[in-house]
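The structures come next, written out as structure tokens.
What follows is a pair of complexes built around chain A, which joins chain B in one and chain C in the other.
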Partner chain A sequence: MKAIVRKSIGVLIAVLCITQYGHTQDLLPGLRVWGNFQVDAQYYMSDTLIDAPDVPEKIGMNAFANLNLAYENLTIGFRYESYQLPLQGFDSRFRGSGIPYRFASWTQDNLEITVGNFYDQYGNGLVLRSYVEPNLGLDNSLDGVRMLYRPVEGITLRTLIGDQRLYFDKGPGIVRGADAEANLNQLLPALAESPNQLTLGLSGVSKFQRDQDPLFNLPENVAAFAGRLNYSRGAFNINTEYAWKSQDPSAENRMIYKYGEALVMSASYSVSGFGLLLSGKRIDNMGFRSNRNAVANDLHINYLPAMTRQHVYSLTGMYPYATQPNGEMGALAELTFRLPRQSLLGGPYGTTIVVNTSVANSILREALNDTLPVGQPGTDGYTSAFFALGDEKYFQDFNVEINRRFTRNLRGSFTYMNLYYNQNVIEGKQLPDEDKIVKAHIFVADMTLRLPNRQSLRWELQHLATQQDKGSWAMALLEYNRAPHWFFALSNQYNYGNDDSDKRIHYFMVNAGYSQNANRFSLGWGRQRAGIVCIGGVCRVVPASYGFTLSVTSSF
Partner chain B sequence: MTTLKKALFSFALLLLVVAAASGQGTRKLPEMTIKTLDGREFQTSSIANDGKPFVISFWATWCRPCLKELNAIAEIYDEWQEMGFKLVAIATDDARTRANILPMVNGRGWEYEFYYDENGDLRRAMGVNMVPHTFIVNGNGEIVSQHTSFADGMEWDMFEKLKKLLQE
Partner chain C sequence: MMSRKKIATVLLLLALPVLVFWGCDKIEEPYMKQPGENGNTEEVVRKILLEEFTGHRCPNCPQGAQMAKLLKSVYGDRLVTVSIHAGFFSNPLSSPFNYDFRTPEGNALNAHFGVVQNPTGMVNRTEFEGSRLLSPAAWGSAMTVFEDMDPGFALRLSASKGSAASYSLAVEVEALQEMQGDFYLVAVIIEDGIIKPQKTDDLVNHPTGEILDYEHNHVLRTGITGIWGEKLNENSMDVGQKVAKSYTFTLNSQWVPENCSVVAYVMNPQMEILQVEELKLP
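Our next item is the complex of A and B:
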């Protein structure tokens, strides 16, 4: 760690000295400096009613700052992070401070070299995606060397090697990868004017981890390959990727030796005022981590996107889907259309309607033979026909959203959602069959009224009706905005339908914020319900809490 | 050793602050390769508006305030265009929602200049953490202001800033 800090500072000083000497007249011309800062802090108060865990330290805080410098072809940067008691719901291994991310990168004649930490993604990420999502406490950046080369227009070649970040430490495995992508229209002059746009990509990623298992003979090198295609012609677009992974017994797949597979595809047709999207996917044993013993969100090498709509309201987002890397089949359809203004149905200002539905299901798993149960550790686990559905439904969502402007100043968005949610699969609960499925009807009305002097009032009314889990919920929110600086909000979520009358709790919340250009401050006070925060289908469990929150973000 | 580390670190920070202070006014857009929505590679150095100011907005299909912002600007975009202004919208969706970009853009009838920041390179190079994050760029391609979040009415603030820049 010390060596890392010293080295990065060395590079920084060297660059600054060079730039200083080069331009004594005009201090550092052409130098670009930028960065950002975010702190989220919470003061925890005890609240036995909502089962908020007792926090003896009283205060939690997550903070980070990125600082970057670019001069001509060279960019250097680092991120300082500090978790002076990580916020509740973040892994306790974040406790502490340090510089887990620093890099230098430069470009010379179409060759880009990065040393230090970097993020990269091949295609849809089925075999490689390193990324950072501070609000999930997720950062699987690689530390090593990355090269990117564009020999001719339309061709991009990338390669990398590194080990992965694990909180303030590194994972035990080494990740190696290479990717080639060609845009045929940019590459071949004959196709330059073609209405058919075609991009092809191929990638390969492998990891190395020593086998020290006393019981199993484990592969120390595991490889994964993927091929992808993006085709568009006028209003049509098709994107598809297939990935395959060699034997990789792991804690996640319960030590089976089966190879992994994933296929994602989507097709869309869209013209002005109309969009249709159809997507499908199949995932089988495709968890891929740089430590075979890793669990939770640790050390993922790849990313398996959830194929369900990402809901943003409190109650529509209460039961979010998370990808099941061990196996799932899913499909999604979404239709967007606009009813023109001044029409019978569109009203004076026009109306936009989005209809979306998605489903996720198990894959069919059949025993290898009569004596072995499905998923027996140390074996191939099971066989699975590629297009065969299993008999367990994981998730289903049908929703309609209508956006309409009623008058010059009043607009509204109305959502209905019908949900089917398998708690045993998605949250790993072990409920009896009759209790494991949450079926819910959810309504949301979100209205905004514009007032003079760039003020506005926004209110949300939400209702979730269900007989299962914690029962029904109602929610109301009122928000006052004065652009571009102020906002003030009051909200309450009421679990009025809980079977246990002592748990019919009000989760009230007061929030106020001020923003000035790229600075934003917000203060909150109230109760936060236990729940799941998801971004991009990756989720984090948040315990209930009560107290004050402070957030500050700043960019320069 | 720790003291030395701290001293070096403080020194480096000081240099950064000096650099930041002297670097003001040279906020050119970073040169990166992103993609058009039909998959072609695109150099950010080509983003320009014939010497007139413009707006760059980072957004995502799942981000409600982003959609509010893009819808609000769409309602007054005729006026922007009459003055020669434009909006460059950079989608930051990941593999989960990338397929939604085209149907949403067309389905809603937005007429902005759209690109896709597939690997998040541009986002990192411009210090964007959360969306919406909007930059106002002058006719010389320099970033003159930025803001995060959106509230109703901010489309007019942007419009006024653009008009002011045009007069300068």
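Our next item is the complex of A and C:
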């Protein structure tokens, strides 16, 4: 570890020395240099009322900087990361500093080669998605070799091999993958002018991990395969992908040998002022990691999309959905339409309405025989008919959002959300049946008033009504913006409906920020309530905290 | 139009994903390995301590206990298990889940190692594939690391019964190699065969999600030493150097003496377990 840190710091100093020439472009005409920097720090203060843990080190900090250089067909880059110590809620294995991501990439005659670290995604990600999401503490980048080749117009071939990042280390498995995609309209001259656009794709990904287990005969090579199709004609689009995975007993599926499968389908129609999206999916035992023993967000090879709306407001986002890789069926429908301006309902400036609903449910699992329980380790686990629903609902969301401009300077967004949320499934709690479901009605009003001299005032009023979990919440926010530099915000979330009167707590927050071109500074003070944050169905637990926060971002 | 050669090349390249797909192993039943010789031996070997963090309200935990039992069939006396009830899933509920297996020692270990989910375990408190806290699926693989490892210490335990529920314990620690560093001795009491309700996710055999007559084994009852141990030496121990320690302790009247054992282990300052022994109380 120390050697890695020393090497990393050496590389960093060397690159910084190069860039300290300042006008690097002058040194080598055609050279491009770009990058970005972000630091998030927090000073923790004790607050027993909200169960904010006492943090002995007082300060946590997550920071990273990307630096990339490109010259003609060659691009090189790296990311330096530092966690001193990691912010609360991030895995303690991040502690330290180093360069976990570095690469060189070049293109020659339709062949693109990358060595070092890289990210990639095949289709919807059902068999491979390597990506970074700093807010989740997730980075499953591959370290190895990647090739992309376009032998003829309309054909893209990709292959890769590498091991995956695990904090400042690597996972024990090796990932191998290949993907072929054919755009038939580009490939076949007869279809070049066709209004029907068709793209087909085929992916295969396998992993190798040695079998060291004294109990189980484990497959050392596990493969997953996917086929996909994308069809569009004018405003109409269909995208679908089916994936299948070979035997992969793991910590996630509790050592069962059943094969995995997943199907996602999505159809959309969109014209000016009207949009309709319909999606559906079925997932069965489709967790796929380069270490069969990995848990939490470690070493995912694939990505299983959440078919639920990603809400942006504090209270509509309080109970987000986490994809269940061991099995779920889900559907989403979203209708967007615009009421024209100067109409009775649309008002003088028009009104946009979004109606969205989604549901996620268990799949039907049946025991292999009368004696084995469902999911018994060391067996095929269970059987499951493809279209059979289980009897447990995981999540349901119905929401309506209305966006309307009232006057030239005043506009508003109003949301109603009806929520059904199974805490035992989504958060892994073990609550009795009568407590495990949260049913909530949530209302949000978000108004913005434009003021003279590039100033604006924005305020939010939110309310979450529920009898379950921590009870009802109310929230208010007031934000003053003075473009292009300053913003100030005050907010308070009040858990007034908590059954425990001692827990009827105000979570206040004060924020101020300053932006100067590509630099942004933000300072905050207040309480952060405990909860979970999810991005695309992948989640991280956020513990309660109290104190000061500092965030700085910069890019060049 | 594409030439035939080009078409053949494209088709060949399109087959790449299929080639990857073919590279998977098909395991035929039975999926479980047949138990070989277990670890029972008269020789001094490097033994393995499995610390299993569990709770009676945790439906997944019986599967962790089952995994520990399966591993015992492989490793025999070479494997010592301590089940630590601590954290959210161990908090008492209303009857019949109103009993409390938590201990100050278990709570301290739970907090120190940052256990947030059950079941989880540590194998000799040593990192395996980047983590000390391991899901049950990883326990067996983590144990194989110690199979061919020479022991650094021999631990010899003897216990005798005194008056009423009091006992004496004598521990002798002998260095079998030149051992650099400070070392600590920890001794605890565990109890087997406690019949108390347990939550389960096996809804086929237990539709209510509860096993009312569940047998809890290896339950950590109390420490004889402090849980962070008693220091054995300064800086190093020479080959053959021995350190003897003796303790007296009293069993709680609620515990069944015939089902109780002493578990003693030697650890380094990083708390990695270097040797462990288990002795049933007389």
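FYI, the second predicted complex is superposed on the first by the 530 of 556 C-alpha atoms of A that agree within 3 Å, B and C clash if a C-alpha of one lies under 4 Å from a C-alpha of the other, contacts with A are read in each partner's own complex, and residues count from 1 in each chain.
Keep in mind that, in the parts below, a residue touches a chain if its C-beta (ideal position, glycine included) is under 8 Å from a C-beta of that chain, and two chains touch if they have at least 3 such contacts.
Here the structure is a predicted model, which means the values were calculated and not measured.
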Checklist entry - Between chain B (first) and chain C (second), which does A:344 come into contact with in this model arrangement: first, second, both, or neither? => result neither
Next on the checklist: One more residue to check, A:176. First (chain B), second (chain C), both or neither?
Outcome noted: second
Next on the checklist: So in the superposed three-chain picture, is A:374 touching just chain B, just chain C, both, or none of them (first/second/both/neither)?
Outcome noted: second
Next on the checklist: Quick one: is A:213 in contact with chain B, with chain C, with both, or with neither? Answer first, second, both or neither.
Outcome noted: second
Item to check | Which partner reaches more residues of chain A (counting touched residues only), chain B or chain C | outcome: B
Item to check | Residues of chain A that touch chain C when the two form their complex | outcome: 92-93, 149, 151-152, 155, 157, 159, 166-167, 169, 171-172, 176-180, 182, 189, 202-206, 212-225, 246-247, 249-251, 254-255, 257, 291-293, 295, 367, 372-375, 377-379, 428, 430, 541
Checklist outcome for this item: The answer for chain A against chain B in the complex is residues 2, 5-6, 9, 12-13, 16, 19, 27-36, 38, 66-70, 75, 119-121, 123-126, 129, 131, 134, 150, 153-154, 156, 183, 185-186, 197-199, 230, 232, 235, 237, 239, 264, 266, 268-277, 279, 303, 305-307, 310, 312, 334, 336-338, 352, 354, 403, 448, 450, 454-456, 458, 481-484, 487, 515, 517-518, 520, 536-537, 553, 555-556
Item to check | Interface residues, chain C side, partner chain A - complex | outcome: 1-2, 6, 9-10, 13-14, 16-27, 30-33, 57-60, 63, 66-67, 70-71, 74-75, 89, 114, 116-117, 128-131, 134-138, 140-141, 143-144, 199, 201-205
Item to check | Contact set on chain B toward chain A in their complex | outcome: 1-2, 5, 8-9, 11-12, 15-16, 19-20, 22-23, 26-28, 30, 33, 38-41, 62-64, 71, 94-100, 102-109, 118-120, 124-130, 133, 145-149, 151-154, 156-157
